[in-house]
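This is the structure, below, for whatever I ask next.
A, B, C and D are the chain letters, set down in written order, and residue numbers restart from 1 in every chain.
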């Protein structure tokens, strides 16, 4: 099975754009995580709205880069030609993207951008995690009346998002000019709820009386902290992340001061749209590898009922920006 | 009847107790006494329940010379099924708790039956059932977290205090005591140990090894189900991550506690003590604000340390015995040297039990 | 005479590929001690396993007190009053002596184990044997002889009408055997039937009334009075042909030669003190003693498995520090045939080739440590022929061989390694008469070739037959060394006296 | 793979029975299931044979996990276990990553650094086991905890993103290259075959050869069969135990490095998925947990089977829950079927008059009790 050198690899460029219904989009999560729940619905919406061939959500990656690659590869074999991927390993996902691109597949980093300065995907549509963490920390500091001791709970240390969040929180604390002190970050406690609960409880037991605020930028610790702080009856202000039902109800009952909500459905919906445009070869990226903030929003008791509207507006704006700025269409 | 411990076992307990006391003192001093405050103590005991239970669950399979890799998956499915049934199907919360235990027992018995029927190594069987159960757990809850508000009365038990201690800790201790008594005072318990120690000898004594294996896996599953129930009761909610990190940690407590992997032994007290030691490491991490990775490093060192220490003691004891025997022997030789030619000493009557000379018949020169 | 207690008729049992029992009949009468004899692999243990429900037969009937029984499990036979001591040790090492004794039927009160009663019952059984040991001692602390006694005590725990003993005396001392026989005679007087398996014919003649002989799974002599069949005749019946008498060859060891192996006033970490001995080329030095005297440990000290803390070990006249068995073989030419072949002597799950060639791979390997398969096979072939090992092919697993042939495999590996000094530990435990003889001839042949042999045995008759000189060991010291005249009566007295005197000292 | 043959003359004479023996071996059984599966998948999904996206990645995983399986198989061969395979992989790979990223070493040097580190940590583990006589499960469990703590700590100390990302010349080629990149006179190889299979094949042959042909391999197997008897047969068992663990560590580390080269960077997550899979391959392939018997071919086939099932399920779009449920069930069924098959086959065991020697040296051939049965 020898192949003449010239025809090996590479997608065929040029030619007339294909129809939108030739596009099959794969939305690949990093693993099973509530964050990705809206992707399913948003993907289905994009399919009907833009008359795409198919949009399939797949979460079999199990937070393992090899498995994620396997899933993507299997889908390519099944005819999928556009992928929005939450890369498990930010340092490795660029290789996956360039491999896909080499075969003419449209790619987007969704929810998380590759580590380092380059993004090999056509574009990255993600929360500016540093910005979101900064906002969250600011919200916590505000709730603490601008002074005191702040603790930061977060996820896997090796996730580049985690590093960005740590930076965001540090930045917010630095801006207080010493009025707020930050305890060492508690990382790696997002693996399971028990670990998170224990870590939060131990933190409260040993330092609870001195802590004034907690900002959690990972899911399980946020859920654990919401209950733990309430039960401890300590006057600790808690700011969480994401809008899982558990967190929202904690905001309603006041045990959580605020949460920073991201825009996963916007990522999936707008992402699918842009991917389809790229896959049909109707458009190319104006500047390949563009990094786009999908937005983050502070939700408190006041706007817990209607923050979705704000978020939808952001998504609509994103879609417009793609048409006007990011995409270069024939 | 007094429980007679093998000498080495007794001193293993002493080492563990000493470690716990020393650790507690260090933590107490460095926290300025805060460690012994009510909140801190409650927290300490609260999170002992699951390690004790999963340690016991693993210990029971070790007793019959098996391993149970599915403990975390069983506990996870138990908690998740209970949560789904209560939250989505409107089952009474207490019945939900019962469901957790039932799931544990059923899954455990299934493990046992598979091991018995297929004769495949338990390690592999539980590896396979673990994979299946992880799939089931995910199918049950997907990515959501089911809030414990759905089973408020049971969740209240998770936060309750009995005798000033967390109720779930007391429950774990009660389970431990029952397990200990079962291994001491019931024939079933003794039969598990006998099967684990020497399958063939057990068979000859009329013990069914198949039954021992099924019972052990069943009991292990039931206790894993208990751990699932404790999670159900005490976690703020239940999701697909419950039980996720129980696999390796379930081995830590029994091994540090002195249970041998080859079967035939249990150490309930040792397992409980070892869970205390591991929990102290946790607390120390929080107190000194170290990265969680350090906990693993220390646990690794503690496991190696305790078993190596045990070995050292054993070999030192046998060396001591040898030295003693040699001293006696040398003494005898020296005194015998004073009375020359031992063989020539006056003949005593040969012992009456002497065998009839037969080989001499065969020997024809 | 009264009716038989146990009557087994037309028992046939096949293992995969082996017809272990072929229409066997056995009748045990109350008040008799019945010997069950036969060569290794004749089917004795298999019959006992059938009688106790460990294995089921293909066909055959079993009557206990005239009632037909079909035991499917050992607890059923126990309940029917059949006590048994199997050939292999079967104890729970983590349990105490007491619990091991009562394991098949642990005393309970209100559904829970009654530990007081457990110990009381165990003490009662131990007392029957005059065996003084705390019933709460963990089994793991016992010597193998003591474990054997515990197993006998266990057989006495339940009301026994029938007692089946499969080579109970193979690994206990004469004194302990004597206690066993006292119990046997007491049970006999009480009207029980005892089946006694042993390869030690002297014991059989001293204590048994009737005899059944098996050969290749068939009953060749059934329920006969032992008195009617003299020793030689029984041997011939067992073997199936007339067996010529064993002739001890004329052996002349040049005592003037320098010893190849010598110990001078050695103290070891195992606990030996003041040990001095020497072995010359071509000489068989016997090391006799009661079980537990420390002979195996002394061998281990020579091999470096125990350290020598004082005194000197000399090989070929120069001081030697040996670290391991490998060291012993490669630098000093010492081989060691272990005492427990199943645990230490052979690799049961490996084929014959490997079992024999293991010590010779160093010589067989070419560049890159590749073993030349053909030379390996022909080497093994040579020793299989030389020792007349009965195998179907070199690919047979050692575990599939009879005990005697396993023992030969264990010896063959050391002969293949071409040692100058060979330590042989209890070579004939559980070995039948014929194989024993071929072993004796083999050992003489080796000595004639100039090997220095240190022979450890607890079988005094064997010692007196084989050794040139006998060193007697007791409690980790040497009591003395005597020249062997090969006359049983005088030698046995000398040897026993040596042990005795020391014990008094 | 380890079908080393017996001396040429004998081999021909035995050919007929060799074949029959082969047909009844667990390896043949596995190969058969694999073929049937490939056929089924191919029939249902013709596009499944997409070279670049299905076959090549699958072969890459098989290559990597075969090494993982061998790493465990070696330890199983002495009747022990290595719970820390994954962590040793992470540890060894970490050194390669450091060599590339911090010290700018060329590819080969970094590779060797990682292998040496893996061998060292494995050797240390083996040494502790040999010295203390503590059960290997316990020691490797402890080692696994320790490395689980150590490796991420080192990463986060030495690199801001907790990953080593430098890619020296050759890393891409080995990790992601296929024969499409290997061109001669204008023609290139198939895109379906990754370059990585070449070194992996070499390692497999070396391990197979070690067990089948060498003194060392035989001594290792006998150490596994009965360590006490081995020591009393003049085998330096302690040294063999240390060596085996060192080799296991080196192999684990090789697998970790290969994985890193294929995904693109060195992270503490390397090896997370190794432990459970490492047991499945050898055991499905007929290696005994009790020691003394291994099969290199079987390990390869066992790994292939599990990965094939996984990939097949993925191709059919099974979700994460179904994937696990099916995988677990299929494993149970495959193992039980194999068990029933061997049990049934062992029943009639007439001892043959003069059975021929086995086709493969016993090291790489059927489970102990069958050598008499199938001859």
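We adopt the following convention: a residue touches a chain if its C-beta (ideal position, glycine included) is under 8 Å from a C-beta of that chain, and two chains touch if they have at least 3 such contacts.
Predicted model, so just to flag it, every value in this text is computed and none were measured.
Placing every chain at the mean of its C-alpha atoms, the farthest one from chain D is found to be C.
Between C-D and B-C, more C-beta contact pairs join the chains of B-C. Note: centroid distance chain C to chain D, computed from Cα atoms, is 43 Å.
Taking each chain's centre as the mean of its C-alpha atoms, chain A lies 73 Å from chain C.
Separation between the centroids of chain B and chain C, computed from CA atoms only, is 38 Å.
Remark: chain A and chain D have CA centroids separated by 36 Å (rounded to whole angstrom). The set of chain D residues that touch two or more partner chains comprises 152, 156, 320, 323. Residue numbers of chain B whose C-beta contacts span two or more other chains: 138, 291, 293.
In chain A, the residues touching two or more other chains are 32, 59, 157, 188.
Working note: touching chain pairs come out as A-B, A-D, B-C, B-D, C-D. Here chain D touches chain C in the complex through residues 6-7, 10, 213-216, 218-219, 221-222, 225-226, 228-236, 292-293, 346-358, 361-362, 368-369, 371-372, 375, going by the rule given at the top. Chain B meets chain A in the complex at residues 31, 34-35, 39-40, 42-44, 46-47, 50, 138, 142-145, 147-149, 159, 231, 234-245, 282-283, 285-287, 289, 291-293.
Only residues 16-18, 324-326, 328-330, 336, 338, 343-351, 353-354, 358-359, 361-362, 364-365, 368-371, 373-374, 377, 392-397, 400, 413, 417 of chain C touch chain D when the two sit together in their complex.
By the touch criterion stated above, chain A contacts chain D in their complex at residues 1-5, 8-9, 32, 56, 58-60, 62, 64-67, 69-71, 73-74, 76-79, 89-92, 94-95, 99, 103, 115-116, 157-158, 160, 163, 188. Within the complex, the chain C residues that touch chain B are 54, 73-76, 78, 86, 90-96, 99, 103-104, 106, 108, 111-113, 115-116, 136, 138, 174-175, 177-178, 181, 200-203, 205-206, 231, 245-248, 267-274, 306, 309, 460-462, 464-465, 475-480, 482, 486-489, 492-494, 496-498, 500-502, 505.
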